[in-house]
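Alright, structures below, take your time with them.
Two complexes come next, and they have one chain in common, chain A, joined by chain B in the first and chain C in the second.
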Partner chain A sequence: MSKFQFPPSISSRPVYGTLEPRPGKAHLMIADAEGAEALLDLAASDAALFANAHIIYIPKDTGETYVERLRALGPAQFYVGPSYAASVQRIRRVLSDAHMGLQVYLAGTEGLMGQAQNEAMQAGIPHGAIQTEHRGSVARRMQCVHCKGITEDVTTDPFVCSHCGLNLFVRDHYSRRLAAFQGVCIDAEDPGNVPEPVELYK
Partner chain B sequence: MTIQFNTETFRDDYSFRNSDWAIKRFPFPFHEDSYMYSVNMEQHRGGPAGSVYEKRFDVDEHYVSEMADRAIVLAEDPLRCQSLPHMTLAGWDTLELIMVSKSEDYPDLFELHRDGDRWRWINKPMGIDHTFTFLDETTLPCGPLEYITRQAQGDYAVLDQRGDMLYMDAGMVTTQADWSLDFDIGMDFFEWHAPVPLAHEMGIFKRALKFLLNIQQGAPARRLNWTMTVNPLLDTSPENYHKWGVQKTTLTPENIGAKQHLRVELQTFYRLPRSNALLFPIRCYLIAFQDLVTVPKWGRRLHRVVRDLPEELATYKGFIANRPLMLDYLSRYDDGLPTSPGIWPDLETEPPLQT
Partner chain C sequence: MSAAPQKAKAGAEKIEVTVSAVVPLNPLVTRFEFTRRDGQPFPPFSAGAHTVVEMRDGARTRLNPYSLMSDPGDSSIYAISVRRDDQGRGGSLFLHNQVKVGDPMTITYPVNLFPLDLRGRKHVFLAGGIGITPFLAMIAHLERMGGAWELHYSCRSKELGTYVDELTYKHPNKVHVYFDDQDQAIGLEDLLDGQPLGTHVYVCGPKGMIDWVHATAAAHGWPDENVHSEEFLAPQPGKPFEVRLCKSDITIQVGEHESLLEAMERCGVDAPFLCRGGACGQCETDVVSSDGDFVHRDHWLDDDEHASGKKIMPCVSRFVGKSLVLDR
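Moving on to the complex of A and B:
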């Protein structure tokens, strides 16, 4: 699957790179869905990394597509979770047990990477030291600035807040602390005048 | 002079009014007949007697009512005041700076009596007489930043400085021009300014950051910024935009003079002594168009600025849809005469409106 090139944007919008092997005592790899492909590519450039790797993988709608291939990389620990929410306690535990020399690799959707990056930052790892690679869906994790509710996997602009029901437009302004983009009421100055939703980046 | 504090509202019936005194001392933000972004910094070391520049933290006739409005906002949304855990010391720095400045600059209104770390603070306009222990949070009803900024007009961003960067790590934000502290807290200087158009490309923020990083203790700086607000609404927050946005559509040729307000921010910058943080007070002043045009120079100039402002800026400042209506109104106060340089009203020297 080819990688999506995000258009240039404002400076609060995250940018993602390509995972590369870095020397470390331990390697924490967190990925969802097609993010598995980034880990497989990483293994292709340095398979030895995985002897000290802990993979936390959330397949989402890819099901079993990547699970056995990831297991075949021989990670020291391998966890397949049903959702990010289900895995977050494990992520916190791993980060709280971590020592100097841990490398963190995040791959997959923006929502997954943002939330996992936030956990790593709270554990004291500077965000610039965390590697990220976007793969798969370009859906966004949005916070409604009005009710503060989070709507996951937003793929259109505008969209309806899943909590308060307001019609929100999708901003590129991004908060690492909230791991979310900002959604703002689109028809505040002309109630009811809501443009047809269009797919993001289309 | 003794200030007569207004009893007025910034919501619902909008009873906010500026007295003649407040109009004459309004911080008109345009020093010439056009506007473009600039790093328009100057030292904050007083100014003409009676002007908003004179004192370190200006107190005016709106003080008591503005603090009542802040209390309403905080009751509805406590997240308008936040402080990341490492910013408590900067909160104490802020409390000290404001208490010392106000008690020295307005001795008839505020008193600070210090006996070691035992401090007694008297705020006469708000009826507060409180003794507490400096640097002991348990002796205040809330955190030090919230405590003192519930008693000081304007918003307060407290910026931590690490590795040649400023971070928005604490603040009290209830009178903002449409930005969210809750969303932006923790961001670096470029990130929280990310949504501002044009200025990044112009290098404005790089130069501004360089200037701010070098602000020293005892040498505060200031600048003016501006936008437009329909109705004298202090809380133009993104949080409540779905409620107030529609008010922009209520302008008519008949009510625009009373309803349309120029909103000016007096931004000041103070280096804090213990935390080395940068305190960034953002004081909001509102003036109705009909009051502003009573100063002939300002009426002439505002028309020209609004008329010639690039479309991108008028959009960003949120008045592109109302610009034609504003120009119809303002053009009546522009007779084409030249204007004197600088922001001051120059009432004695500028000619009255020629009709």
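Moving on to the complex of A and C:
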């Protein structure tokens, strides 16, 4: 799958790179869905990294597509979780036991990377030292600025807040703390006048 | 008609002080304490800050940066500890040989180029010799805050171990001292291993030590953001050279034993500076044209900027060649 190039935007919008092997004592890799491909590419450039790697993988709707290939990389620890929420306790535990020299690699959707990055930063890793690579869906994790509810995997603009039902416009304004983009009511002045939703980046 | 805005003078604001104590600590290092002449409290400073001390040595004015090593919580004094450098440019010798209790002196407001990163979970200090000074202020600060820290301090010998007794007495479990003459050395690799996430290391000492710490930490997977260092460079002597300053419209000579910045100041040019040691970036000056080679010595410009021949840091860098024209 080719990588999606996000168009240039405001500086609030996160930008992602390409995972590269870095020297370290231990390697924590967290990926969801097609993010597995970024880990497979990383293994192609340095397979030795995986002897000290802990992979936390959330397949989402890719099912078993990548699981065996990731296992075949021979990571020291390999965990496959049903969802990010189900995996976050494990991520926190790994970070709280970790020492300086840990490298963090995040790959997959923006929502996964943003939330995992937030955990890593809270554990004391500077933002600039956390590697990310976007793969797969361009769906976004959105926060409704009105009711503060989070709607995951938003793929259209505008969309309906899954908590309060307002019609929300998808902004590029991003919060690292919430790991979410901002959604703002699009028909506040003229209720009901809502443009036809279009798929993001189409 | 409104008055033209006043151009601020170069360097930080000044404070008039009196030398209130001169305390020899060992054959090489002496502490100088200052009180304010106007009786006001000193401005608060953050641990790691330095002050620039003005020394009037006959016709010559020296301005040397020294780390403040007194407790940042005490606004009644500022203190510096100075190692005598017999081969140096004379600033430390002037302080050691000429300065007495009661002397009036001028120092600058503190400037901090080596602050603690207070987001850190733990702070590991690595000191070489007189590089101990900023850590004394940092330790005082962290002790008050209840912050986690440890110090690894390498010195030449027991006799020259400045503040070793005081530190080991007050913090026996956090201070580790290594004496060169007993073949003791900081076990850096072991020490970096096993530090909790969010640890920051700070190194102050000779250049070789600083480079060693940066390289070893990077090889162990430490982010650059977690490794801090401070090295003040003293300007080095070099062949005299001539410089044209086009804004000031004068041509000046830089002598063998003065820096380009000092030569500009001697000729009445109010050139910007803060640290005078190649670290802060304040003195950065554009090169209009040059025919010759730059001797870049600062830590501010990156390699590409050094190679470009378009910029120079006059506090520490020099020039060898036919002609140099600066936008100053």
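Basically, the second predicted complex is superposed on the first by the 202 of 202 C-alpha atoms of A that agree within 3 Å, B and C clash if a C-alpha of one lies under 4 Å from a C-alpha of the other, contacts with A are read in each partner's own complex, and residues count from 1 in each chain.
The rule we apply is simple: contacts are C-beta pairs under 8 Å (C-beta built on N, C-alpha and C of every residue); 3 or more make two chains touch, one makes a residue touch a chain.
Small disclaimer: the values here were computed from a predicted structure and weren't measured.
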Chain A as common anchor, with chain B and chain C clashing or fitting: fit
Touched partner set for A:10, first chain B, second chain C, both or neither: first
Which of chain B and chain C A:129 touches, first, second, both or neither: second
Partner chain(s) touched by A:166 [first = chain B, second = chain C, both, neither]: first
Geometry of the superposed three-chain model: angle at chain A (Cα centres of chain B and chain C, steps of 10 degrees): 60
Greater residue coverage of chain A in the superposed arrangement, chain B or chain C: B
First (chain B), second (chain C), both or neither touched by A:188: first
A:63 touches, of chain B and chain C: first, second, both or neither? neither
Nearest Cα pair across chain B and chain C, whole Å: 7
Footprint overlap on chain A, where chain B in one structure and chain C in the other make contact: none
Chain C - residues contacting chain A, complex: 119-121, 192-199, 218-226
Interface residues, chain A side, partner chain B - complex: 10-13, 143, 145-146, 148, 166, 171-173, 175-178, 182, 184-185, 188-191
Interface residues, chain B side, partner chain A - complex: 79, 180, 182-187, 190-195, 200, 238-246, 248-249, 321
For the chain A and chain C complex, residues of the former touching the latter: 22-25, 95, 98-103, 123-126, 128-129
